[in-house]
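Before I ask anything, here is the structure I am working with.
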Amino acid sequence: MRAIYRVARATYYEGWRRRFLNGILVFAILIIGSSWVFTYLQPGAELKMLIDVGLGSIRFFGMLIAVFLGTRLIPDEIEKRTIYTLLSKPVTRMQFLLGKYFGGLATVISNVALMGATFYVVFLVKAPQFAQPTEEGSPVYSMEFMYENIAKAIVLNFVELAVVMAIAVVASVVFSWILAAIVSFFVYFVGQMSEFFGHLADPETTANPVARMILLTIYRVLPHFENFDVRESILTDIPVIWPYMGKVAAMGALYVAVVLALGYLFFNQREV
Amino acid sequence: MAHIALAIRTDNLTKIYYMGWGRYQVGVRDLSLEVEEGQIFGLVGPNGSGKTTTLKLLLGLIFATSGDAEVLGEPMGSPRAKQRVGYLPEGPYFYEHLTAPELLRMYASLFGLGGRQFESRIQELLELVDMWDHREQRVANYSRGMRQRVGVAQTLINEPDLLFFDEPTAGLDPIGARDIREVILRLRGEGKTIFLCSHLLKEMEPICDNIAILDRGELVGQGGVEELLAGEEQRYRVELRSPSEEMLAGLEQVADEVVWLDDTCRALFADRQAAFEAAARADDEGGHLLAVGPDRRTLEEVFIDAVGEVAPDASDL
Amino acid sequence: MNNTVKQLVVGILIIGLLIGMRPLSDAISYDRLVLGYARPTQVTKILQYDAPAMTSVIVGAMLGGFREVAASMLWMKTHSMWHKGAGTQWDALYLMRMTTLLDPHWLEPWRITAWHCAYNLYVETDDEEKRAELVETGVNVLKEGISWNPDRYDLYFELGWTYFDKIRDYEEAARWMGAAVRFEHPEYIERLIAHGWERVPEMEKALMWYDYCLKRRPSDHTAKGATITIRERYLPASRLIDEGRFEEAADAADMYLTINPQATLALHMKAHVYERAGDLEKALEYWALAAENYTLDYHARAKVADLCEQLGWPVPEYASHIYMREQQLKQQREMAIRRDAN
């Protein structure tokens, strides 16, 4: 545990010093901070636009940071040869892998938490103005409800990023980091559509049994990233219930465990 | 109590790298070494001869294709062995945002070491490598020499019995290199075993007890430094700078062999008496006498003999 | 532990976890469906091969957090295409479809897409079958939109209006609009429900809704006028039917039919009287009259198709595609029931 903690700690502080991450973070905060400006694009749907841009940016930039940081963590150690001094100490490969993962995850989560806080401030200031019903028949929003759902959406985003990060870290052990980044993005995007693949795997939609098998495998093996996305519930007044949060978090944790175990199999063999 | 006389023993250690597309490259092949405890062991060879590969194998950073090795009586790369070794990689890098004491604290904690009383140990180590005055600086601002010094300090954090140093003086200024050599000798004085890899033969010569020469992954020579330098038979030499025509003619008559090194003429004699007489004569004739005495080969010469060609970057030699 | 054994254990662990995840994954999918977070599994097939659907799902996934913003951009593009003229209208459908998939909680694209199919593209063709297909697509688009936005009145109303105005299936229209008024809605929808029922004709239900309008807004002149008309012209017939006095009911219906022989409501009423009386042949005669009088009277045509089937008569040309469609739907429903039973 100590070894994991130490590696994680060093990774966390090191992560904050990465220029490109700081760049993405600053850019994201700028966009989120000015998300209310975009509301002029859609008169009548300001609140929707505010949430779309704000939470959309958090999700998108969080994913970017997770992939780029995750795929660089271990390759950087190898490239800069800092891994030699670490692995020649009594640190097992698994401890090293976990330390890098949790350290990197801490960096990503604190980055996203900063974005989330920015959005919360913007939302608290701007949303009550937009939420006024303008005409008969336009939806009336409950602000309390939205504050809660936004917080829940951000929390689920953390879980999602934990999964993305695990995939990125493990991919970087197997492939070069560029390829690992591509693979991570691919898994993320296809994972976004996993329900769609599940639908395609239905015998009604796809008749070919081989194709159906492939689709079903994709559906079963890839993480269902859309499960972490509850932004839509914010505007439609659908409550995000705690049991759902719990199930999705458990699912995320299981998936991270699977990916890291897979990473262990590869990293144990990996020559550095 | 059983005393382990061997710090390292390798048995036909072989590492073949797969380069992709059906091509392979030899890292090391059939390497069998024995390193006794308490000595400085030098593994020398040109770049790419397999020195670092051997180190990485012994540390478990890469895995052997075949063969076996023991480090401090444990299988290579085992956690038990790692508890008792220190490793200084070539051109070491550390987390740039840390200062030297923070770095040492981090490494120490990996061994389960730390706490307040440990701070004095950190100070001691940093003073040993002359870095205590720079304790506030972050690694990012270090010069190459400073990194190397911190690298040495970091290998000592767990008071190891066996130290692996990969090119410890490469790229350092002469004073920096000397300091490191002094530290290495001091560590031997404390009874530690030091496994050195280097292509800087001149620096290896005065400090190593035993040497193994690697070339393209294979062992081409091995033995005590003194024996290797002395060669098979003791000869004597006379060295003159730019001798005159007749002086040279006289030398060539009495000497067994005359070789030229730039403008220096070296005459070699099997007989000690003959050598000294030739030297006296040359001196009388007003020649520029550079040296006279037993012919001791340099490590460079031994190396070139063994490898059969000048090492790729002989300029460093 | 030996390294190989360790790896084997980890490998088994991975497979075990993957299998163990399955029930949890299914539970989450179920939750998403029930709680309304999920994309409905039915994706309306608007175009052959449904390329835009595929594209937009992929593009949407790639955009990740920005799909809604992308939807807004696409929508603007649709607008600009729109203004270029009729030639681009089929192309516009692709963009519209993508917008609905990119941002399914945005109501306007659903409404416009459906309207585009059922109205604009509808008049571009003379092929009856093609027309029926387009109307059906519009209806399906709205149904899909409703599955995304089940708690807003907009799309229920839109669907109801499509049934009312385009398909003239007044019963369906009244039902969907009835769904719309369960949510916050503009008042005219309540009147439209009444208009729907009076055309079925279900005069009691129509009166009930007009009364509801009047109770909510006593100054509602339309509702007041309609109430009077119904009470005068159609209610007597309707009441007589309920009492089983069908001949008197037919006479009552005739009272207005003699003034205006082509009045849709009156024709429907008369046909309804015979239908309730069990005189299917007579009923068919009047439904056919209504259908021939007014080519857009889908309700009457559907009735014709239905009665012809019951009587075992050949279905007339103008109702044949409705008949085929009904048969097909019936088959699909039966298949679905059988599958669920298995």
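Think of it as A, B and C in the order they're written, each chain with its own count starting at 1.
Keep this in mind: a contact is a pair of C-beta atoms (placed from the backbone, for glycine too) under 8 Å apart; a residue touches a chain by one contact, two chains touch by 3 or more.
Bear in mind that the values here come from a model prediction, so they are computed numbers and not experimental data.
Between chain B and chain C, the least number of touch steps comes to 2.
Every chain gets a centre from its CA atoms, and the centre nearest the mean of all protein CA atoms is that of A. Among the other chains, C has the CA centre that is most remote from the centre of chain B. More C-beta pairs in contact connect the chains of A-C than those of the other pair, out of A-B and A-C.
If each chain is reduced to the centroid of its CA atoms, chain B and chain C end up 86 Å from each other. Inter-chain centre distance (chain A to chain B, centres taken as mean C-alpha positions): 49 Å. Our note on geometry: chain A versus chain C, Cα centroid distance of 39 Å, whole angstroms.
Only residues 2-3, 6, 9-10, 13-14, 17, 80-92, 269, 271-272 of chain A touch chain B when the two sit together in their complex. Here chain B touches chain A in the complex through residues 56, 59-63, 79, 82-83, 85-87, 89-98, 106-107, 109-112, 151, 154, 158, 164, going by the rule given at the top.
On the side of chain A, the complex with chain C involves touching residues 38, 41-42, 45, 48-49, 52-53, 55-61, 63, 136-137, 139-140, 188-190, 192-193, 195-196, 198-199, 202, 220-221, 224, 226-227, 230, 232-233, 235-241, 243-244, 247-248, 250-251, 254-255, 257-258, 261-262, 264-265, 268.
Of all residues in chain C, those touching chain A in their complex are 3, 6-7, 10-11, 13-14, 17-18, 20-22, 24-25, 27-29, 31-32, 35-39, 41, 43, 57-58, 60-69, 72, 103-106, 149, 151-153, 184-186.
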